[in-house]
Amino acid sequence: MKLKMDRAELNGFLQEAFPQVASDFEVEEVSEETLRVRMKITEKNLRPGGTVSGPAMFSLADVAIYLAVLARIGPVALAVTTNANIDFMRKPVAGEDLLAEARILKLGKSLAVGDVLIQSEGMEAPVARASLTYAIPPKREDSR
Amino acid sequence: MKLKMDRAELNGFLQEAFPQVASDFEVEEVSEETLRVRMKITEKNLRPGGTVSGPAMFSLADVAIYLAVLARIGPVALAVTTNANIDFMRKPVAGEDLLAEARILKLGKSLAVGDVLIQSEGMEAPVARASLTYAIPPKREDSR
Amino acid sequence: MKLKMDRAELNGFLQEAFPQVASDFEVEEVSEETLRVRMKITEKNLRPGGTVSGPAMFSLADVAIYLAVLARIGPVALAVTTNANIDFMRKPVAGEDLLAEARILKLGKSLAVGDVLIQSEGMEAPVARASLTYAIPPKREDSR
Amino acid sequence: MKLKMDRAELNGFLQEAFPQVASDFEVEEVSEETLRVRMKITEKNLRPGGTVSGPAMFSLADVAIYLAVLARIGPVALAVTTNANIDFMRKPVAGEDLLAEARILKLGKSLAVGDVLIQSEGMEAPVARASLTYAIPPKREDSR
């Protein structure tokens, strides 16, 4: 499927639509097959012991698949997450950024489904996997 | 199952173990059947339009079931979330606190499973439901 | 929400729409709060050791929530399962029927969400819990 | 990770351990990266309209990841499914076999996690995706 937004447009959209969290994330690559987002790890995302919190990993998974959907339907969507399933599999490496690779498995008229693998930078084994579903409203206007 | 921690002890544990987020949550009630946690909604948990963010609801579900497990096994656990599944069903009421009712469905030697319903204060229909699994380590020492 | 189908109508619907599996299931009770289905355990649902198979429990969860949706919207639906999440928590009691208690948490225009607890008859602790999402098509005609 | 069972051994294990369902499945390929299983579609797996039933797809996902785990730890496991999450994304092609590609994302001492994509033979877009968790008992003896 042809992309409607490139890397720079996706990063610009993040800044405009989610100014509170946009500085945490950066789209590094987007193609028809995959979208890679970096989550910059800072103090506020850490739990005691230097571990990234579950909610922080959840937000990374959500952002990555959401942007992969937008890359395909354009920035006009009001898509909302309806279901998320996440497996926390390993402890992230303390202090390292997280990298998420998302792919879209279904992009229907009313539902989109994607999944994502999350890794600590420099460690090959994934720390988490997630799959999320988004409801796409019939009329597409404005951003979420 | 008899409880090993009461409401005050659970709130005290939150303060000690998770000082960064403890002020967001307050255990309101704990019994053998259920545990109710209030999430105080402030600016930082809101998305544009006054909606509570998905990661914020995820963290509420996680805290509620985690504390319900601790209430039963004591504050010594190093339990970690291994799987979370969440359905976002309705838009939370703008500006209202969230209330989570958690119950423990399984408390085995190595795995605990619970589920939770999340409501906006003053609205009966639930905004989200979630079920989570925790791995309980063989040796229980220290807090997570 | 007022019910559009009672117990006898739901059992009749099962016979007509799913003749291959209808003899496995029986709706025992339906109300605005809950729907209880019995799964009669026979040889074909068993694994070695007398355990009910995972797919059999999945089908019970699916049938229970599906019928609870139909009880509310009528037998005309073409609803399809879009997501299922199931926790297998205990071994079912060998040879005993399974009982599923389903409740509907959301019944929107396009999506319905419900969850279910499954027990072995005579054992209180649940053997499984599941939550499922159904897509409800815009035009409701015919049975699934 | 080195494999302890090859394709023929996995198919042989299926015949011995699950004689009731073994004829439905055939391992077509196994490597350190992936395992592919074919599900032969017959009348008993079909719903009205020629669609494969949800429970049948669930059983395929379960078998595929279970065998991928066994290929790595050997046929001696008593692993049990503890959680399954499945997205049904498209209608399977009527009458066509299903093909499942499973990969193992985590193989720990007590938990294994894998995911799987299911396709109808001859159609590229996946009909379902699933992720499952297995508990691996401390002592590994006998088959499930």
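Just so it is clear, A, B, C and D label the chains in written order, and each chain counts residues from 1 on its own.
Just so we're on the same page, a contact is a pair of C-beta atoms (placed from the backbone, for glycine too) under 8 Å apart; a residue touches a chain by one contact, two chains touch by 3 or more.
Remember, predicted model here, so these are calculated numbers, not experimental data.
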To get from subunit B to subunit D along touching chains, fewest steps? 1
Relative to subunit A, which chain has the most distant C-alpha mean position? C
Any idea if subunit A and subunit B meet via the same residues, over half in common, or different ones? same
B-C or C-D - the one linked by more C-beta pairs in contact: C-D
For subunit A paired with subunit C, centre-to-centre distance based on mean C-alpha positions, whole Å: 33
For subunit C and subunit D, let me know how many angstrom lie between their CA-based centres, rounded off. 24
Compute the distance, rounded to whole Å, between the mean C-alpha positions of subunit B and subunit C. 28
Return the residues of subunit B touching two or more other chains; collapse runs of consecutive numbers into ranges. 82-83, 85, 87, 89, 133
Can the chain contact pattern be summarised as a line, a ring, a star, a complete graph, or none of these (other)? complete
Partner subunit A, residues of subunit D touching it in the complex: 85, 87, 89-90, 105-106, 113, 115, 117, 125-126, 129, 131, 133
Help me check something: in the complex, which residues belonging to subunit D touch subunit B? 82-83, 85, 110-111, 133, 135
Using the touch definition up top, name the residues of subunit B that touch subunit A in the complex. 17-18, 20, 44, 47-48, 53-56, 58-59, 62, 80-89, 144
